[in-house]
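The structures come next, written out as structure tokens.
First subunit A sits with subunit B, and in the next complex the same chain sits with subunit C.
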Partner chain A sequence: MLIRILEDIALMSGIGVILALILVLAQRWLSNYGEVTININGKRDLTVTGGNSLLSSLSDEQIFIPSACGGRGTCGACKCQVLEGGGPILPTEKPLLTKAEMADNVRLSCQVKVKSDIKIQIPEAIFNIRRFNSVIEEIVDYTYDIKGVTFKLNEGQSIDFKAGQYVQLETKPYEKIKQKVMRAYSISSKPEIRDRIQLIIRLVPEGVCTTWVHTQLKVGDKVDFTGAYGDFYLRDTAADILFVAGGSGSAPIKSMLEHLQEVGTNRKMTYFFGARTTKDLYLDEEMRAFEEFFDDFEYVPVLSHATEAENWQGKTGYLMPYFKDAIRDPKNTEAYLCGSPGMIAAVTKSLINDYGIAEEKIYYDSFG
Partner chain B sequence: MDISAFVLFWAAIFTGNILLTYFLGMCSYLSISKEIESAFGLGVAVIFVLIVTSALNWLVYYYILVPFHIVYLQYIVFIIVIAAFVQFLELIIERYTPALYYSLGIFLPLITVNCAILGVGLFMIIRQYNFIQTVAFAAGSGIGWLMAILMLAGIRRKLKEKMVPVGLRGAGISLIITGIMALGFIGFSGIVQIQ
Partner chain C sequence: MKHTPNDKKIMAKMQAGVITYSGFLGKDTRDFNQIIADDEMVLDELGKTAEEIANRLEYFQQKSFDAFEASTLVDKIYEVDTEVVRGYLPCPFMHQGVYRKSYTTITNTKSGKSFTYSALNIHLIRAHHFFEGKKSHFRLEPRELVAELF
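On to the complex of A and B.
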């Protein structure tokens, strides 16, 4: 009887092994595309082993296209122009591409497989994106639900970014969360500091990454991130500046102000910070110090839900009515907004319609 | 079974439709029937995989499982063969006919878990078909499946513009429609019985 069982197991395994062998051999012969060349922006040529997705081929070469879902084709963040050799648009890409993008050869780099020589076009800024390994150096409680976390980069690494850009933090699995996720956070420290960055992270109920940061991370923990991403950064002009932020949106604004402090400026700047109550205010002293430092900078916190008991002397209600005093010349004013999508939409609408600021002068970073 | 392969082929399409009579292969039938083109692509892939894997499984069954007395392992072996073949097929198509891969490729992995494929494999054993009968039955079943999913996709396209009660949208109304189509197919069952 035992022999019978063993015989059957052996036969069964035999069938499995033979099929697996056939597949392994087939993969060897069939999926071997040899070495192919990825031409980037007509300038740089990368030689890679064919057969992988464009996204992973590029990240093997230390070029990081933003991707939030990790290459599963659900987020649409990894769009890039594929000029030649990308093959037809796949059904998995269609839902995430607009008609204009399709006409413009825009593809999802996580879905495009590199099988032959391929030509792509990506923004130059992406070349600066690197992967960093860091150790948590400091965690400060700014409010009951907002923490400032400082990450010290490992020896030999240094980050190059523009004030206002963001990084993508990689979580590690914790408790019930089995998967790694990537989430974007604006850098709140100035670009002049290159061996460490600070992020300001607000606890979002049920948020996978913010919960991880708030409940799991301790000083000394190792965290990886990629960056820097984004086209929300301080433009080097002489125009007046209107900063508008809510919640943890003050992070990129803080970075911009600290950067301006380093390089010096005489631009007229006003910073409106929207919060619910006095409990949600933070970085007050730093902002007052900026007011002292700059020739023409004003910090205006506005509370939407201040209670009697708080004895709040400052401004209340919506932010928008108070812009009037801050805008001298709408044609010569840039606005930098960072906050919830709702806030951004309302402020943008008001700036365009009520104050006549050109849409292209309004830069924003919305927490998606 | 002394039924002609030709009769078997037609019977598998109409009187014993794998989907509308046996309700096999429902998952991909419900999920890929939103657009006619995708439904057609999947259907063609099913036909092809069904014919080849049924033939392979027939050979494996009568030349390996029966002689070595491990017929009781047929479920596992059939599934492994199907999975391996689909993988293999995907590699070949991806390499040599990229155009076909782009239109068919994403459906192939779905087919591995399509119960219609395993169903045909098991029917051919239970009903003791010979090799020719098996291939005819598999081809008929595949075409029957394609026909069913195309009909549903067509109806669902019309349905998009119609008011469907909220609770029935999606799978609910699709199952009701499938039920009605199945009732319609009972009309064919008098022609020939293949049980």
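On to the complex of A and C.
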């Protein structure tokens, strides 16, 4: 009886092993797409092993499409045009694509599997994006929840970017966090310094990356990032400039001002910085130094929640009413905005409707 | 309680470090189905639905958005403030779409009681009746919400 039971167990186990082997072999055979070609912009062909996502296939070839969620299909940042060979739009992509984008063959590159030859269109600027390896050189506490972190690039590496652009920082697993994530942060240092960058990072409640930066990172740690990304950068014109930022939105503005300090300018510039209380103000000394340096630059911090105890003598409330003193010729004024979607919407609406600034001269980097 | 493969996937998404730093379950030892069932019992007792609560939270959040996220007084007694940071969060129940990282704080100026919630909380309550586990960062107590916001 016992032998019979053991024979049956052995038989069942054997069948299980055989089925598992068949499955493994079938998977290997069925998902073997061989070598496929990714044609980029009709100009360049990449030969890659099929079966991976478009995002990771390109990344393996050192072409970095922006992605904030690490290819999990949740951020919608890795959009690109797939002209041929991408298959149908997946249900995971639809919520993150507009009708116009779908009609224009825009896809989420993290969701498109490269199974056959594929033709894609991406902005030329993406070819300039590189992966960098760095060591943390300095960490400065700007406020109770904002840090400035300087990343020194490894020997032989240098970064080329425009003031206002951003990089994507890659976390490492820590505590209970097992996956790495990538998050976008504006560069706050000037582009003339090419062997290191500074980022200004605010602690986000429950944020995986910002918690890592604020609680784990220390001087000497190795950190990787890709960049530079983004079309929010300083335009090389002679127009007056209105800078407007809130929260950690000062980062790209600092980069732009440091760049202008380097190249020289006689443009009229005003920087409105919106914060809740005096505790949320930072880079004040740097901004006052810019006022000393530039012929025509004014820094205007505006607090929305100043308490009596703070004895704040500066401006309070909304930013918009204060613009009137800064705009001398709306036709010759550009605005650079960085902050929350609400702030961007309110300021944009006011600049267009109340002050007559042309929409196409308002450049912004919205957190939303 | 026996878990379906889908339940296991959801539980995995709710763990610390997957979507948020400390996850959606806090120190709660119950599984998410039990958390939902227990909160639904509280709602029944209070005569409110999850949708009514989600609508109320969304109402305050929208008032704050209408004021461009500046501090605003709603219905004469609720001070509402929203802060938006860069990025989006997906739903741990794997619903399609993502939710902006917006954090709204409502303070009932009569009682002094405050609640902070994200755009994702509204979705979780409306679509899944999920108020998060005890001691999780964004746990909302149905009993307190009903007492303070209606």
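For this structure, a couple of remarks:
Keep in mind that, in the parts below, the second predicted complex is superposed on the first by the 343 of 368 C-alpha atoms of A that agree within 3 Å, B and C clash if a C-alpha of one lies under 4 Å from a C-alpha of the other, contacts with A are read in each partner's own complex, and residues count from 1 in each chain.
Just so we're on the same page, a contact is a pair of C-beta atoms (placed from the backbone, for glycine too) under 8 Å apart; a residue touches a chain by one contact, two chains touch by 3 or more.
Predicted model, so just to flag it, every value in this text is computed and none were measured.
Contact with neither subunit B nor subunit C is seen for A:Ala125 once the two complexes are overlaid on the shared chain. Of the two partner chains placed by superposition, only subunit C is touched by A:Cys75; subunit B is not. Once the two complexes are overlaid on the shared chain, A:Ala184 sits against subunit C while remaining clear of subunit B.
Shared-chain residue A:Leu19: touches subunit B; no touch with subunit C. Comparing subunit C and subunit B on the residues of subunit A they touch gives the larger count to C. By the touch criterion defined above, A:Leu11 lies against subunit B but remains apart from subunit C after alignment on the C-alpha atoms of chain A. Touch criterion met: A:Pro91 reaches subunit B and subunit C at once.
Residue overlap on subunit A between the subunit B contacts of one complex and the subunit C contacts of the other covers 91-92. For subunit B in complex with subunit A, the touching residues are 38, 60, 64, 68, 70, 73, 76-77, 80-81, 84, 87-88, 91-92, 94-95, 98-99, 102, 106.
Of all residues in subunit C, only 15-18, 20-23, 65, 67-71, 82-90, 96-98, 100-101, 103, 116, 137-138 touch subunit A in the complex they form.
If you check the complex, the residues on subunit A that touch subunit C are 68-69, 72, 74-76, 91-92, 94-96, 175-179, 183-184, 202, 204-208, 211, 247, 304-305, 318, 340-343, 345-346, 367-368.
Put simply, subunit A touches subunit B in their complex at residues 7-8, 11-12, 15-16, 19-20, 22-23, 26-27, 30-31, 87-88, 90-92, 115.
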